[in-house]
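Step one of this worksheet: look at the structure below.
For clarity, chains are labelled A, B, C and D in written order, and residue numbers in each chain start from 1.
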Amino acid sequence: MSGSPHPSFSRDELMEVNAARALAGARTCFVGIGLPSTAANLARATVNRDLVLIYESGTIGSKPTRLPLSIGDGELAETADAVIPVPEMFNYWLQGGRIDVGFLGAAQVDRFANINTTVVDRGPGKPEGRLPGAGGAPEIASNCGKVLMVLRHSTRNFVQKLDFVTTIGHGSGPGDREKLGMPGAGPVAVITDLGILRPDPATAELVLTELHPGVTVEQVRAATGWELRSARTVGATEPPTVGELTALRALKSA
Amino acid sequence: MAEIRSLHDAVADLVHDGDTVAMEGFTHLIPYAAAHEVLRQGITDLTLARMTPDVIYDQLIGAGLVKKLIFSWGGNPGVGSLHRFRDAVENDWPRPLELDEHSHAGLANRYVAGASRLPFAVLRGYRGSGLATRTNTVSTVSCPFTGEELAAVAALNPDVTVIHAQQADRSGNVQLWGLTGVQKEAALAADRVLVTVEEIVDELAPRPGGVVLPTWVLDAVALVPGGAHPSYASGYSVRDNDFYQAWDSIARDRDTFTRWIETHIHTHAEGTAVR
Amino acid sequence: MAEIRSLHDAVADLVHDGDTVAMEGFTHLIPYAAAHEVLRQGITDLTLARMTPDVIYDQLIGAGLVKKLIFSWGGNPGVGSLHRFRDAVENDWPRPLELDEHSHAGLANRYVAGASRLPFAVLRGYRGSGLATRTNTVSTVSCPFTGEELAAVAALNPDVTVIHAQQADRSGNVQLWGLTGVQKEAALAADRVLVTVEEIVDELAPRPGGVVLPTWVLDAVALVPGGAHPSYASGYSVRDNDFYQAWDSIARDRDTFTRWIETHIHTHAEGTAVR
Amino acid sequence: MSGSPHPSFSRDELMEVNAARALAGARTCFVGIGLPSTAANLARATVNRDLVLIYESGTIGSKPTRLPLSIGDGELAETADAVIPVPEMFNYWLQGGRIDVGFLGAAQVDRFANINTTVVDRGPGKPEGRLPGAGGAPEIASNCGKVLMVLRHSTRNFVQKLDFVTTIGHGSGPGDREKLGMPGAGPVAVITDLGILRPDPATAELVLTELHPGVTVEQVRAATGWELRSARTVGATEPPTVGELTALRALKSA
């Protein structure tokens, strides 16, 4: 596949391609449904052909030819190296520290990459808005070697304060994960449709480290619910290659 | 010992008003036909347990049969919200829905403890999560060897577990394969077990990934081909992703939902698959 | 990732003096050839873990390589005593043998905790038994929900686990089937894992009852056909019950045992099965 | 097979036949190796064709055609309804309360049917004699619906005081099992080559309830290390039938 830049792509495609690139070099990935699954499957088609995809439905080493709608589509099991019971997945494989990267989405994320997927506050007098809930996220974020996150950038998603803490990223800053006894390194990158945020090594606060082509720092700050800081140098992500976009579009249309 | 019975009779005898019922199946082998029989019989005031409530529980919740839900991820996988679940939680329609909410790891281990007939299970989980503050089935325990504090989750022992499997033999031994989720644990944790199957065969041939449940841990087996639709039975059917996508608009509106249940469930005879 | 290596090199690199080593296999798939390679290399001061020490550990104990044994049933199954084990415990010959003794349920759960990377596991066990008074790896824990006191066993995380399996593929993925015992747990609990296999195949075909261990949880795979003899590998060999019976008289006498080891192990090249 | 008495049989055969008979009506049996396995397989050939044999190696519903030497012979797995991992066997099936009868042997048993299979005292100045150890027995005796025991009758085996308590039968008498939180009923019969002992319902102490043909109460008392009491009426076991002995001998010679 060609490595030359592709002339035309969407913001979502920028997000998906960069999410896939973040999986270069990983051996195993615990894959959430939706954007993380798109990214992980695109990684297998581009930067990491040997990436072992692990789905919480119990499949190890799934090799789907099209994007699964659910985490339990038949093709995930049929193409897997092993299919195991769900309790074993969570106890021996996830808690057992066998998985390099956990790839999560989120409804709300705060500056320390903590996640809310439970309920949202809809204002005075209104009932809480209901989200799907935790799923595997609290233990994925705790036990995987590191965590990648992918979600669209808006002040609705990137909030000053979570309405509920479903899943700990970096807590309230450095040392919190250790205090909580969380074995993994936690979130190392949040890939959005505008750019990439990464925790500042000194403060664990998410800072803007890369912008996608055509996006400005001000656009990202305007889409973030807290006073987003930038890294000393803000890089630029490489535009998607023809190969990446062809693979992505093929996956989605299959 | 499992008797081979009609779905109507098995549900009528095994599932009662007020029961805690687990209908498990992680995307695969979800026992829809049995849930629809519960709907037809109007068995109510149920506490339902399922890791992923899915459309099957959206239907039961929307029909007003459920007072409490034990779960860990309540969405329409790959599609979006479960609108009947949300409407019940947010607006108490058609009745209030009490929640006992967990992470997947925690709820899976609640079934493990249940199957092991232990009062609790231990995991390194829920750390820093607000979930533990909203339920009385998560606590902590200290390791007597290292002093480390770990999460403890209370055993979940349903009154009835209902699952769907590919095959049973004539003695009521059951085999399922493919993604088998937490079905073995949910079945062994329960007081009563009902299994619907695609097929009854003379002899169960051992399958790769096969989970066998002997007849003497089951109460009833009902032959219901297609009984997992719109989920699927590996080797027999494929997941009806179109139905899952269509459900979004069916369930979004109370009246549309109610008409759908009336048309597709109540006017159907027992065991007829909903297509 | 598992490298496919010679048994000699794999043992030399992965098993060190002083290690805690689990060689598991419940009657079936016992990794004898690997144990014999440990004997030939004289790797010593080992702490050995196995639910059923069996003849494999009788050999290592009699040869003086073992300082401690973690186990739950130490007999020659269906035959009688393990005479080298008894001689070590009763008479310190050829060296004292420290014991950490459990029930099967307890030791199996120690591996489960190890594989789960939890510091302990909970069971309803050891009640009224004197076993708990002889070990520091059994304690108690109270259920935070019911107050019931239960047994807690400390996680067992071997430095090395060695198992025998039927097949590996060229990437080092392994599949075993038939009685698979506690091998998955023992492997996932260990820091390093060595698997000897009957056969290396192009592709692992899923088998009924198959346990797959992906190459990325293993360190080395060695091709050793017959490497489970005198135990067996389902689909490849049958248990050599005659050998197990003959072992009784071989092991009963120190000199006979020593001559047997000299003749059948030390004069054999690496990987040669002992018949 | 014929139901008429067989003209000639050994003491061991009396023990084995009566042990098999004790399994009439049971659905599931957790089978120890040795005499319990002989009894359970004979039961399947005679009084209980549908008996589900469960071996700790992980087999449920084994149907061997000959007596296995070990609890892990290949035929046990090949003929099983299901083969499961060993931890699952102990956690879900045994501890889960799924098994009606546990069938145990013993090196030493005391008057309350407590068991020692760990070490024996060999007298002053001598080291303890080593026995194989507990195996599955402590949890089998705790968790099965009831327990049957089979062992040869001698003062070496039936002792006044155990040298070590490996496995609790009835502890020190009525109520002890309940205090220890043991779900099952515990030992209900000890079948020997001389007769059958059962716990007195009032005291839980083993008393002589049946004699095998040709055996006297005095013989049993002389072979018992405590002052063995007899039930109000001591019955006699039926002699082995031709059918039973034919099946037993066929099993052993297969």
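Note that contacts are C-beta pairs under 8 Å (C-beta built on N, C-alpha and C of every residue); 3 or more make two chains touch, one makes a residue touch a chain.
In this text the structure is predicted, and so the values were computed from the model without any measurement.
Chemist: Identify the chains in contact with chain C as well as chain D, in label order.
Modeler: B
Chemist: If I rank B-D and A-B by number of C-beta contact pairs, which comes first?
Modeler: If we tally the contacting C-beta pairs, A-B comes out ahead.
Chemist: For chain A and chain C, what's the span in angstrom between their mean Cα positions?
Modeler: 41
Chemist: Indicate the whole-number Å distance between the mean C-alpha point of chain A and the mean C-alpha point of chain B.
Modeler: Roughly 28 Å separates the two chain centres.
Chemist: Can you list the residues of chain B that touch 2 or more other chains?
Modeler: Touching at least two other chains: 116-118, 123-124, 148, 184-185, 209.
Chemist: What parts of chain A, by residue number, touch at least two of the other chains?
Modeler: Where chain A meets two or more other chains at a single residue, that happens at 91, 95, 183.
Chemist: Select the category (line, ring, star, complete, other) that matches the graph of chains linked by touching.
Modeler: other
Chemist: What chain-chain pairs meet the touch criterion?
Modeler: A-B, A-C, B-C, B-D, C-D
Chemist: In their shared complex, at which residues does chain C touch chain D?
Modeler: On the chain C side, the touching residues are 26-28, 51, 71-75, 77-79, 81-82, 85-86, 89-91, 101-105, 108-109, 111-112, 123-131, 148-149, 178-182, 184-185, 209, 211, 232, 234, 238-239, 241, 244.
Chemist: Residue numbers of chain C touching chain A in their complex, please.
Modeler: For this pair, the touching residues of chain C are 112, 115-118, 173, 184-185, 188, 204, 212, 214, 216-217.
Chemist: Using the touch definition from the top, list the residues of chain B that touch chain C in their complex.
Modeler: 116-124, 137, 139-146, 148, 150, 152, 154, 206-210
Chemist: So in the complex, the part of chain D that touches chain B is made up of which residues?
Modeler: By the definition above, chain D touches chain B via 27-28, 52, 60-61, 81-82, 91-92, 95-98, 183.
Chemist: Inside the complex, what are the residues of chain A that reach chain B?
Modeler: Spelled out, the residues of chain A in touch with chain B are 33-34, 56-59, 68-74, 76-78, 83, 85-87, 90-91, 94-95, 118, 127-130, 132-139, 142-143, 164-168, 171, 176, 180-183.
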